[in-house]
Amino acid sequence: MSKRIEIPTPYRGVITPMVTPLLDEETIDTAGLTRLVNHLIEGGVHGIFVLGTSGEAPSLSYKLKHELIERTCDIVHQRIPVLVGISDSSLAESISLAKFSEKNNASTVVATPPFYFGLNRQELIRYYQKLADQLPLPLFLYNLPAQTKVMIEASTVQTLASHPNIIGIKDSSGNAPHFNTLLHLLQEQKETFSVFAGPDEMLSTAVLMGGHGGVNSGSNLYPKLFVELYHASVNGDMNRVLSLQKEVMQMSVGIYQLGDTGASFLKGLKAAMSVAGLCDDLMLSPLMPFESEKKSVIKI
Amino acid sequence: MSKRIEIPTPYRGVITPMVTPLLDEETIDTAGLTRLVNHLIEGGVHGIFVLGTSGEAPSLSYKLKHELIERTCDIVHQRIPVLVGISDSSLAESISLAKFSEKNNASTVVATPPFYFGLNRQELIRYYQKLADQLPLPLFLYNLPAQTKVMIEASTVQTLASHPNIIGIKDSSGNAPHFNTLLHLLQEQKETFSVFAGPDEMLSTAVLMGGHGGVNSGSNLYPKLFVELYHASVNGDMNRVLSLQKEVMQMSVGIYQLGDTGASFLKGLKAAMSVAGLCDDLMLSPLMPFESEKKSVIKI
Amino acid sequence: MSKRIEIPTPYRGVITPMVTPLLDEETIDTAGLTRLVNHLIEGGVHGIFVLGTSGEAPSLSYKLKHELIERTCDIVHQRIPVLVGISDSSLAESISLAKFSEKNNASTVVATPPFYFGLNRQELIRYYQKLADQLPLPLFLYNLPAQTKVMIEASTVQTLASHPNIIGIKDSSGNAPHFNTLLHLLQEQKETFSVFAGPDEMLSTAVLMGGHGGVNSGSNLYPKLFVELYHASVNGDMNRVLSLQKEVMQMSVGIYQLGDTGASFLKGLKAAMSVAGLCDDLMLSPLMPFESEKKSVIKI
Amino acid sequence: MSKRIEIPTPYRGVITPMVTPLLDEETIDTAGLTRLVNHLIEGGVHGIFVLGTSGEAPSLSYKLKHELIERTCDIVHQRIPVLVGISDSSLAESISLAKFSEKNNASTVVATPPFYFGLNRQELIRYYQKLADQLPLPLFLYNLPAQTKVMIEASTVQTLASHPNIIGIKDSSGNAPHFNTLLHLLQEQKETFSVFAGPDEMLSTAVLMGGHGGVNSGSNLYPKLFVELYHASVNGDMNRVLSLQKEVMQMSVGIYQLGDTGASFLKGLKAAMSVAGLCDDLMLSPLMPFESEKKSVIKI
């Protein structure tokens, strides 16, 4: 097994929150996984994030999670960093998954707040400190209030950013005033702490305003598009930004916004990936893939 | 190992959603568990529900969950039914925990909707049907929108109640119009499908209006009080009901309503149980027990 | 003009939050209003509440509000108390409407918290104290978080109940633990402060547990049913309660729960009242009445 | 009275949602109003919007609203367009206020959805069409889900944008994916329909991505800052944008984010304006100004 890639400091670029290719509810589609990983690396993305929301992590058994970590790390083979989602309502299970990730030479781990009990600010801070203290790999915070119902406020991130083992945040709130507050409060730490935006539709503005990059579901499908948009934004090339942003928005409107639930973006994405021949659109319970009628609308 | 107790049809009475006595974050307090189980059975409760919200189930590792199921079933020793919470965002893990429960002679299992992705009505129904199809024990639905952010509507329960392996619901919504709609829509099935109310404060009205009983956190502390209130309500003895209800409300105001988060009732309960000498008030991450100042207010 | 009826202390019974009969968007249906008022008084209700949610108060112009107050007070002619909703985002407009109500010999006024800015507890208390200080008539609080997005907590009501001009609350939260906390905290003031429940489905349990009555939309249609259920509940006659509750639930399921928005109960109610020949189902903007398809389902 | 200024098509730039200077709860501070209007016009803003959220419109009586419209139009004297907020839960009152605005030579009106009853998409569209049909002035939509609890979805705006009397939207959702969807869906209409962003923190990214401008509370205090940021964003001058954005964020963190309610930004703003000598920080019920302790923190 090759040596682990260290995450650059600060980490920058486009990270793909990889969907999980499956043959059936208990079996990973290894051929699809290989095809997808190579598609992403050839597309130029700066990291692969397994076991996020797009990876349907909450729906996977621990057995499947372990398999996916092993195989992905094996296929990636240290070409780019692998980030592993360890979000869990149980602290012990999060730590256990992080240890497994470390053994497989993943580069870093990512965790939402525990999503069940409502927490106050003090409990949230204590939770993340306790977690980071015990992890064998550096930690990215993951703010995703639409799913977890817990908002990690900017001032909370500022407090946590001083922990030596907490190296960044994936902020998927989509809340522009909050995101800009985050960038403002963390400007002194921007060489050591990375701020990534989650929603595809705001990659460009996040980077234009000083963010480090995006964790973009759409890069599963179109890695080059997102990597080019990232670079155009870093360079402040507004003509190019607007032209590529238009393509991102066509994808968003044409694929993500077809359904009626919070997981619609993921159903649309997996449907589009099957149309593109990248992998099957099978989804784990409780999610159901789009019916053929909705799927037929998708143009890629 | 003694034979499993079958759940009566319909199931009625007071079920205790047992708190989890712990020595530290990795160790069950077996002496406290024994003391608590006997306290409950001597108090006359009609069932013990482990791994619910009051049991901090989402915070326990699978290892601790297994230990707790084994030991509780062993200590209860078929004196009353044991119900096991199998709520999980992964269907496979829920089924796995149910199989473990069945081997340990638990009587039934209880599951919330998977609490991460937003689901539409069809997905919710399909999820529960798929789960119930594969379970080795009968299933109680568990409606707890404050924590799971998913409301199981009354008409959805009506649909699911026709599944032969779904035998009841614990409704913890606290929503009176919804609860009465549930009783109304399920009146034809009241001999085979049980409707229990969650919040302690509505045990009496739930039973007066035709509900089968309550799953009452407060019965961890005062099992006799809740059992007596249940019987007074069954008998329509309003003087007795109002007198016992006053005691329940004193407990609710004096113990449950001291904190500022959704888990305050549980912090108050565990603090009160430690004051009563039943078990320690240690709580698993991410929850923190009350500080001594708040704890000192509690009178039992 | 006859003398004003003083509100009894404490006030008890069934209050009808009257729908507003209209000929068109600018004209009150005076014949329908007369028919409806007499239907209610003959049905035995203990008060008529104009300009509540069921009366579409937020949609009425001030001109129409004034007309409705004048005509209703005139038709009721002091046979029973008239309560007037003065909820408004502007304190000055609320006071002005209360003065107009007093001149027309209404008995009392009712107000939700101002529904726009989010308020903290202190602002909410100060608002109600300032309002009550300036009103020429006694005030009922009106808790309706589904519409106003502000919850009046039980401890807040306890504080406000000591104001000499605040004489009761209509609690339409439907939250059973909250409602029972309200009854518990206000037990010492139950001879001077009235606690009414809003949702029709919980009139019986509210009264059984010590509440003073209900403000029941359904009594627009079936005043006798609600008055009889109130008396059966006061008397603790559980057989009668359960039999009448079944009729209330048939109405709730058959009329209130047909639509898909928060105002569905009102659309169903107004459709049912037009089927019953009591008044037209015309609704003010922004609400639209049920289409004939949905209306045809309604049986009364 | 001078002739009305027509709103340019499309309308672009920085609009100030003006705070309402008051001497007491019933009296406009005319001297302060004059000082403020001139401060804004000298600062170069492209329009003054009275009776928005920052103007505490929901708290003003109709008498005060009329006075404010008259005096502001008089002081502005057609130097720049005046926009008037006509948001109301009653359609008739909205139209009446628009007619009054037209008589006083205001340029356009602005309306949120009616904020009480929950509306479905069809009702929302019908409401706005009915309103726009009857207005004597062109209409801006106003999306402010934090206060109104109604989200105007991008596809709804697209439908409404085809109405000849609906000329733009102020979107204060702060939701970046939604805002970019809005820009994408309305790109064909960008010469006739204006898309303004509400939150100060996203003025620059809104304009960089193709938006027409911002309706920025902070421009009450610092009109030049916002006007310069607007121009730098139009020109794609990223160095200047980032430098000015830093000043906006200092204001946001130092003034808007000091309190604990949804109206904190407004309390902070009014406190800062009193520190700056622009007007008093008196606020209408139900809002209370900051205590001197919090006010003393504010540096301008």
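Order as written gives the chain letters A, B, C and D; numbering starts at 1 within each chain.
Rule of thumb we're sticking to: a contact is a pair of C-beta atoms (placed from the backbone, for glycine too) under 8 Å apart; a residue touches a chain by one contact, two chains touch by 3 or more.
Keep in mind that this is a model prediction, so the values were computed, not measured.
*Asks:* Just to be sure I understand the contacts, which chains border both chain C and chain A?
*Replies:* Where chain A and chain C share a partner, that partner set is B, D.
*Asks:* Common contacts of chain A and chain B?
*Replies:* none
*Asks:* Matching A-B on over half of contact pairs, by residue number: which of C-D, B-C or A-D?
*Replies:* C-D
*Asks:* Could you tell me which chain lies farthest from chain C when each chain's centre is the average position of its Cα atoms?
*Replies:* Most remote chain from chain C, centroid-wise, comes out as A.
*Asks:* Rounded to the nearest whole Å, what is the centre-to-centre distance of chain A and chain D, using the mean of the C-alpha atoms as each centre?
*Replies:* Roughly 36 Å separates the two chain centres.
*Asks:* For chain B versus chain D, what separation do you get between their C-alpha means, in angstrom?
*Replies:* 50
*Asks:* What are the touching chain pairs in this one?
*Replies:* A-B, A-D, B-C, C-D
*Asks:* Hey, which residues of chain A end up touching chain B in the complex?
*Replies:* Touch residues, chain A against chain B: 25-26, 53, 58-64, 89-93, 96, 113-120, 122-124, 126-127, 130, 147-149, 260-263, 266, 284-288.
*Asks:* Give every residue of chain A touching chain D within the complex, in rising order.
*Replies:* 174-181, 183-185, 199-202, 204-205, 208-210, 236, 238, 241-242, 245-246, 249-250, 252-253, 257
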